[in-house]
Every structure is written in C-alpha cells, then in structure tokens.
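Sharing a structure below in structure tokens format, with a few things to ask.
First chain written, first letter: the chains are A, B and C, and each begins at residue 1.
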Amino acid sequence: MTDATRDDGYRILRTRGLTMRFGGVTAVDNVDFDLRDGELRCLLGPNGAGKSTFFKCLTGQLVPSEGQVLLKEQPVTGLNTHEIVNMGVGIKTQVPNVFDGITVYENVRLSARRKHTARIARDVAEATIEKCGIRHLIRREVGQLAHGQRQLVELAMVLAASPDLILLDEPAAGMTGDERDRLAQLVLEAARTAAVIVVEHDMQFIRQIARFVTVFNRGAIFREAMIDDIMRDRAVQEIYLGKQADAAA
Amino acid sequence: MDYAIVVALEMVRAVAWLVLLAAGLAIIFGMMRVINFAHGEFLMLGGYTVVVSTGAGVNEWVAILLLAPLVVGLFGVVVERLVIRQLYGRMLDSLLATWGLSMLMIGGVTLIFGNTVQGVATPFGGVRIGTYQMPIYNFVLIFFAAAILLAVWAVLKFTRAGLIARATMQNPNMAETLGIRTTLVYMATFGIGSAVTGLAGGLLAPVTGVVPAMGASLVGQSFITVITGGAAVITGTLSSATILGTISQGTTFWAGPVYGDAALLVVALILLRILPQGITGRIFKRAL
Amino acid sequence: MEKSLTRDPGFWIMVSIGLALMILGPILIDMFTIMQITQYVVLSVFALSLAYIWGFGGILSFGQAAFFGLGAYTFAVSSIGMGDTTVPLLLSFAVPAAFGVALGYFMFYGKLSDVYLGVVTMVVTLIFWKLANHTAGPEYSIAGVRLGGFNGIPSIPTINIPGQPDAWLDPAQLFRFFMAVLVIVYVALRILIASDFGRISIGIRENEVRASLLGYDIRRHKVIVFAIGSGIAGLSGAMWATYQSFIDPNAFSMEMSAKALIWVMAGGVGTLLGPILGVIGLQWLTLQMGMVDFLNSLVVLGAIMMVLVLALPKGLVPTFKSLAVAGWTLWRRGRGVGGRVKKVASDD
C-alpha cells in the first residue's frame, strides 16, 4: 500500500491551485493533487465533476486559467501537449482517440515508434498487442472495430510508449465482461512500472483495481481515502455513489 | 492641416470600404460558420444589376439601394437551398462548392455581357478641402457602411428575428430543441447576407467599374477582414476593418496601392498567429 | 498499410509505365503529340503536390497556384539572369518551399481551423496575382530582369545540360527529362508516404489529438509536409515556364489553384495515381469543350467542381473502384464463391 512505502518526497505529478474556468463555469477549482511514483490512483466523481477537464489540463490540451502542474517536479504548465507527453505521459481519452483509417498494428506501432527505433518499435508493438489480447484484430482497420475493442487499441497505444505516468479516462466503457477483466489485469500490471490514474464509473471495475481513491465533486477534490473508506463514506455516497454502490453491493 | 484632414478622411473611407466588402460575408460566417467563396461574384452580381437596370432607364439610386440587394438576396436564397444546404456540416466541401459557383458565375456573366468594363456614373461631384479634391461619393460610402452596421446591430438587438438569430449563433442544437427551425434561419441568414453583399456591390460599382472578374480583386480584402474579425458580426467586422483599413491605407500612402493588400495580409497573419479565431474569438467574446 | 513499398506490385507497375513512356514515347509517338503530352506531365507534377499534402497530410490548400507561380517566376528571373538553368531549377523548388515554411509557420503554429486555412491560402494566391499584375514598370525588376506586370516575362530559356548553357534540350529530350522528374517525384513521394514520417502524417490526418497525445509535434510536421508540397508545386511552375518559354501572372490565378483541386478531387483524395488521371481527363475535356463556342473554361471548371463536391465527394477514381469491387463481389456471390467486400486500397 502506498501509505506503507517510505516517502522520499518525490512526486511524479503535483498540481497546485489548478483552476480551469470556461466563461462563468469553473470546471476545475483550485485542485492540489499529488501522485507518487508507481502509485495507482482511481478518480471518482459524478458526471461533470471535472475529471476529464482535469486530465486535459495535465496534458496541455487545455491551458489552465490558474495554478501549476508539475510533472516529475518540473513545471509543465503552458507547455504543448507533445512536449508534456514526451516527458513520459500516456493518456487514454474518454472518447477513444485512435487513427480510424489505419490498422491496429500501425496505430500501436506509431506510438512505439516515438520512443524506439523502427526495429524495436515493431517488436514492442507486436508484444503490446499480444498483451492486450487483440492479436486477432491486428490487420483490421480501427474504424471498423467495436467500442470496447477500440478502447483496448487505445490502451495498447498508451502502453506501447512505456510511459511513466498513465492517465486512463473511462477505459472500461463499452467493454464486455471478459474485456474488462483483461483490462483490470493490464492496469494492475502497468501499475508495477508506472504511476497510473484511472477515471471510471464502473464500480465492479473499480473494486478490481482500486486502492487509494480521490473523489471529485464540482471541480474540487471532495475526499481522498482508501477505497473501502470511500465506499462507506455517507457523504460520498450522497454526491455520487448512492445508487451504484447499492446496486453493486 | 488640409492634408491631415484628407489623410484622416481617406483612413475612414478605407475602413468603410472594408466594412462594405465584408459585412454580408460576416453575417453568413457569424451565423453559419460558412465562408462563401463566391462572395466576390455576389458583389459582381450587385454591380451588374445596377448596370443593367440603369441601362433600362431605372433611377440609379433605386437600382443601387433596392434592386441590387433584392436580386442578389434572392440569388443567395436559391444558392442556399441548392448548394449550401446539401453540404451542411461539411465546411471544406462548402468552400469547394462555392468556389465552383464563383467560377461558374464569372464564366456565365462573361458569356452574357462580355469581358469588358462597364462604367456606372458616379453620383455627385467633388468637394474641395483646401487644395485637395475629394469625391462626395466617399461620404456616401462611409454613410452606408455605418448604416449597415447599425441596422444589423438594431435587428440583432431589438427584434424577435434577431433574438432567434443570436440563439442560433450561440448554440444551434439548443435552438433546434427550442423549436426554432434552423434550416429556415440559415436560409434567411444567407439571403440577408447576400442582400447586404448585393447592396455593397451596387454601391461600389461606380467606384470600381463592373467587369466579370472584378470579384478577384475585391474578395481578398473581404476574406481577410472577416477571418481577422472572427465570428461576431458587428464587433468583429468593425474592429478588424478599423485595424486593417488604417494599416492598408497607411501603407498605400507610404508605398503605393500595390502593397496595401499585401500589408493587409501580413497584419492579418500576425493577428491570427496570436488570435487564431480572430479578434472576437478571444477578446469581446460575448459581443454581437 | 504496412505492406512494404518494394513488395507492392502497383508501385512497380506505375514506375515501369512511367519509364517505358519516357524511353519509348519519343520513338513511337509523333513530335506534336509528345509536346502535348509534355504539358500533361508538367501539370501532373503540379497535381502531385496537392495530392500529397491533401491526401497524405490532411492539408487542404486552396492556394497551390501561389507556389506554382512563385516557382515559375523564380525560374524565369534566375534562368534569364544566370544563363544556365540548373541552379534556377533547384531554386524553383527551394524558394517556394521556404515561403511554404514561412506561411506554414503562421498557419499551423497559429492552429488555424481548416476553413481559415482555406481562406488564407486562397488570399495569399490572390495577393500574389495582384502583385504580379502590378509589376509592369521598369522599377520592378530583379537582377536586371523585368517582371513585366500583366505582360509577363518572355524568352525564358529551355532547360540546358548542366554547365553547358548552350546545350539546350530538344523537345524529345525535354519530354524525357520531365518524365524523369515526374517519376522521381512520384517515387520520392511514395517512399516518403511509406516512411515513418509519412505514416505519422497519415496519423495526423486521421486524428490530430491522438498524434499529439503520442508525443508528435503536429505543427512542425504539417509545416514540413506543406513545404514539401510547396516545393513540388514550385518545381512544376518552373517546368511550365520553361515549357512555354513565357510566364505571366495567370500562373498565380485562382483558376490554376482550382484546377489542381479538381484533379485531386476527381482522382480521389488519398491516392497519387488518381490525380494524374485527373489531369489527363480534365485537360482532354477542356480540349473538347474548347470546340464548343458557347462555353468558356471557367463555366466548365466551375460546373465540374460543383458536381464533384455535390455528387461525387469521394472522387471519380475511388467511386469507380468501389463500384468495380462491389460488382466483382456481386458477381462472385452470384457464382457461389462468396467472399467479403474488400476494402479498396487507398494507396496505389
């Protein structure tokens, strides 16, 4: 558990006072978020709690209105997406962002190629595809795949770049039971070599992977605690988990 | 002193000129995010309406102020129905299609009227400012540029149609769910935008002369003004026309008219580098 | 997609046809026809410039004529000034490419939307056209070569053998040289598209957000693609100038940009062969239409463009291809062989 490990003070990710406003709406409100190297963190919160916007601020897709993002203790606020990504961040977005017109293999290879030579990229791509269980789809065009399969392709793209920090926005959406189990294994495995943040609504999936959890509400951090405590927290249930927790129990 | 007045007036005229060239295009772009590549030919059509109708004995002012907007406005409605609507949501395709239309119109008008310049008499004479002479018609252009902007503002601000237009501008899907027929709004928008362009074409005809390919020498300025201004029709057009008009006129004074347009483009590119959605994309976001 | 270029039979067929035409053309075909075909060859290079940036970089430029004209004028001025055509030919690639970098910087680093990009590229062309038309006076001359305004620049030299300014190519040699350029540009583009750089371009075309989330700098990438396209367009402009031995501001005309768009649209976006067929088809059509008195070329071009957008958005060649594939599948089904509709190959 994270709390048991010795703290050397290093944080792979920190945000300080991170705020994102759109016109009159504050989507992310003064968020101080810390993530240790190698930690697996789940991000919960109702729709519109600001989780996806938070991710976009982390990756430079949005420039925050206020506050700081520190990646590996380096300030990255205002850098371009590709510059942040090249510091070792991999992100799976909420709506799968894949290259529709080209094959699964080429999708994953293009990701691996960013970091590796052509020869190694080929091997990395094949291995990652194998690992994600989409070997049988390798020659298919991504645009023709089902939603859950596209999710796995995007995950393979994220993993192929072997990032140090992985951001997964609703990775289990649209997946079948088997696909979801595989996904849980993959996430746990990835968390052995990288820090991972997962945004997810699927409580069964969360139970499979979650340890320490951050709950967002109205753009701000509402609670940070171990998953079991979160599940018992009445206030959290009220804002979000209520029905789903009952249903899952 | 006289010279300063003349320079100042020339600057205002340059701004008015850009407003006239851009207003109709800006209305369409602001509402529909469609750029009509045949805009120059819509101007040309306004010009020819004046040429033909004055040739047939119609009073020149009736031709400019009534017939030109009417003819081009109706033409716009037809184009919206037959072309623009088919390509709704396919922005680049609508650029390509209106470009095709532009060539078709130049070619067609050349076939009918020949490739010669048709003059239109410039109403009024000149006015003396000290030792300088200035056409009174310049003031007419300035007046109508202001009038068009004022009219668009009043319609948007005070009428029900303007309210619907603003709603559609802000959020087309929401407007649709509120029971507004956006197709009708778009048709009306394109018609009105075209009518304003027709009026501008009629007003400019006495200055530029009328020739089938006249669009090509005018649209550059129209396009730059609109994309530099951004989506807000009035603030956008006025702010970019002011900046660009002043600079291009300044360059013209300093280096001659050839470089005026080029200066305009360079300034526009620099502005767009800083403000990719035009002036009103970031500043004056909520403006009309 | 990951099929390697050297194992693609289509590629070798294309190259063989090109080389065969280059070598055998002047032997088998009469000189007048060869000179006509030379024109098609030049325009094909121009078509490839847009086919590449639009089809394989996702950049729809409405102003390829700006680079075509820039290349033509660069060649005209420098070849008259230098008396030798080798360096001018290189300049006609380099100068437009450099201008493409500058313009691309403003457009792509400014993250302009597609519509703005279209408008800006079009306006740039218009302004070049206007500027070129206003250079009639003697004060507008570069290195002693007058730009001539709307009268253009006459007496542009024919290509000569490098280092021998008096050894001009005869029409057959010029044809062969231009065919060689066409084949080289085609092969170079195919190699580029098959390379990792080219695949990333395709990725950017498919999904810019994902490309940048993988860590690729899409702005820089697009500037490079745009500049390569600009250079090729410039080169074709130089070929045009030397072929006609004359150039005027119409090289910068909207009609020229529109033609390039029509070739690519007709041939299909996302192929290199299609646009070349587009050149041949459209030039042939304009030739036929030229015999009809009551039409002019603008009416024809405008009508074709509108029909292509409204009725055949995928282009003639891909539409024909998928029809053929569908027909073939239907026929096989009818014979009980079965089989899925294969995806029409998009890279020929």
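Methods note: a residue touches a chain if its C-beta (ideal position, glycine included) is under 8 Å from a C-beta of that chain, and two chains touch if they have at least 3 such contacts.
Chain by chain, the UniProt names read as follows: A = ATP-binding cassette domain-containing protein; B = Branched-chain amino acid ABC transporter permease; C = Urea ABC transporter.
Source: prediction; values computed, not measured.
Taking the CA centroid of chain A as reference, the farthest chain centroid is that of B. Across every pairing of chains, the maximum count of C-beta contacts belongs to B-C.
Remark: chain A and chain C have CA centroids separated by 43 Å (rounded to whole angstrom).
The distance from the centre of chain B to the centre of chain C, with each centre set as the mean of the Cα atoms, comes to 33 Å. Taking each chain's centre as the mean of its C-alpha atoms, chain A lies 48 Å from chain B. Of all residues in chain B, none touches 2 or more other chains.
Along chain C, no residue makes contact with two or more other chains.
Residue ranges of chain B in contact with chain C, taken from their complex: 33, 35, 37, 83, 86-87, 90-93, 95-97, 99-108, 110-111, 216-217, 219-220, 223-224, 227, 257-258, 261-262, 265, 268-270, 272-274, 276-277. Considering their complex, residues 1-2, 196, 199-200, 202-203, 205-207, 209-218, 343, 346 of chain C touch chain A. Across the complex, chain C is touched by residues 59, 61, 80-83, 85-86, 91, 93, 97-103, 105-107, 109-111, 113-115, 118, 141, 157, 161 of chain A. Note for the complex: chain C touches chain B at residues 60, 62, 103, 106-107, 109-116, 118-120, 122-124, 126-127, 129-131, 134-135, 254-255, 258, 261, 265, 294-306, 308-310, 313.
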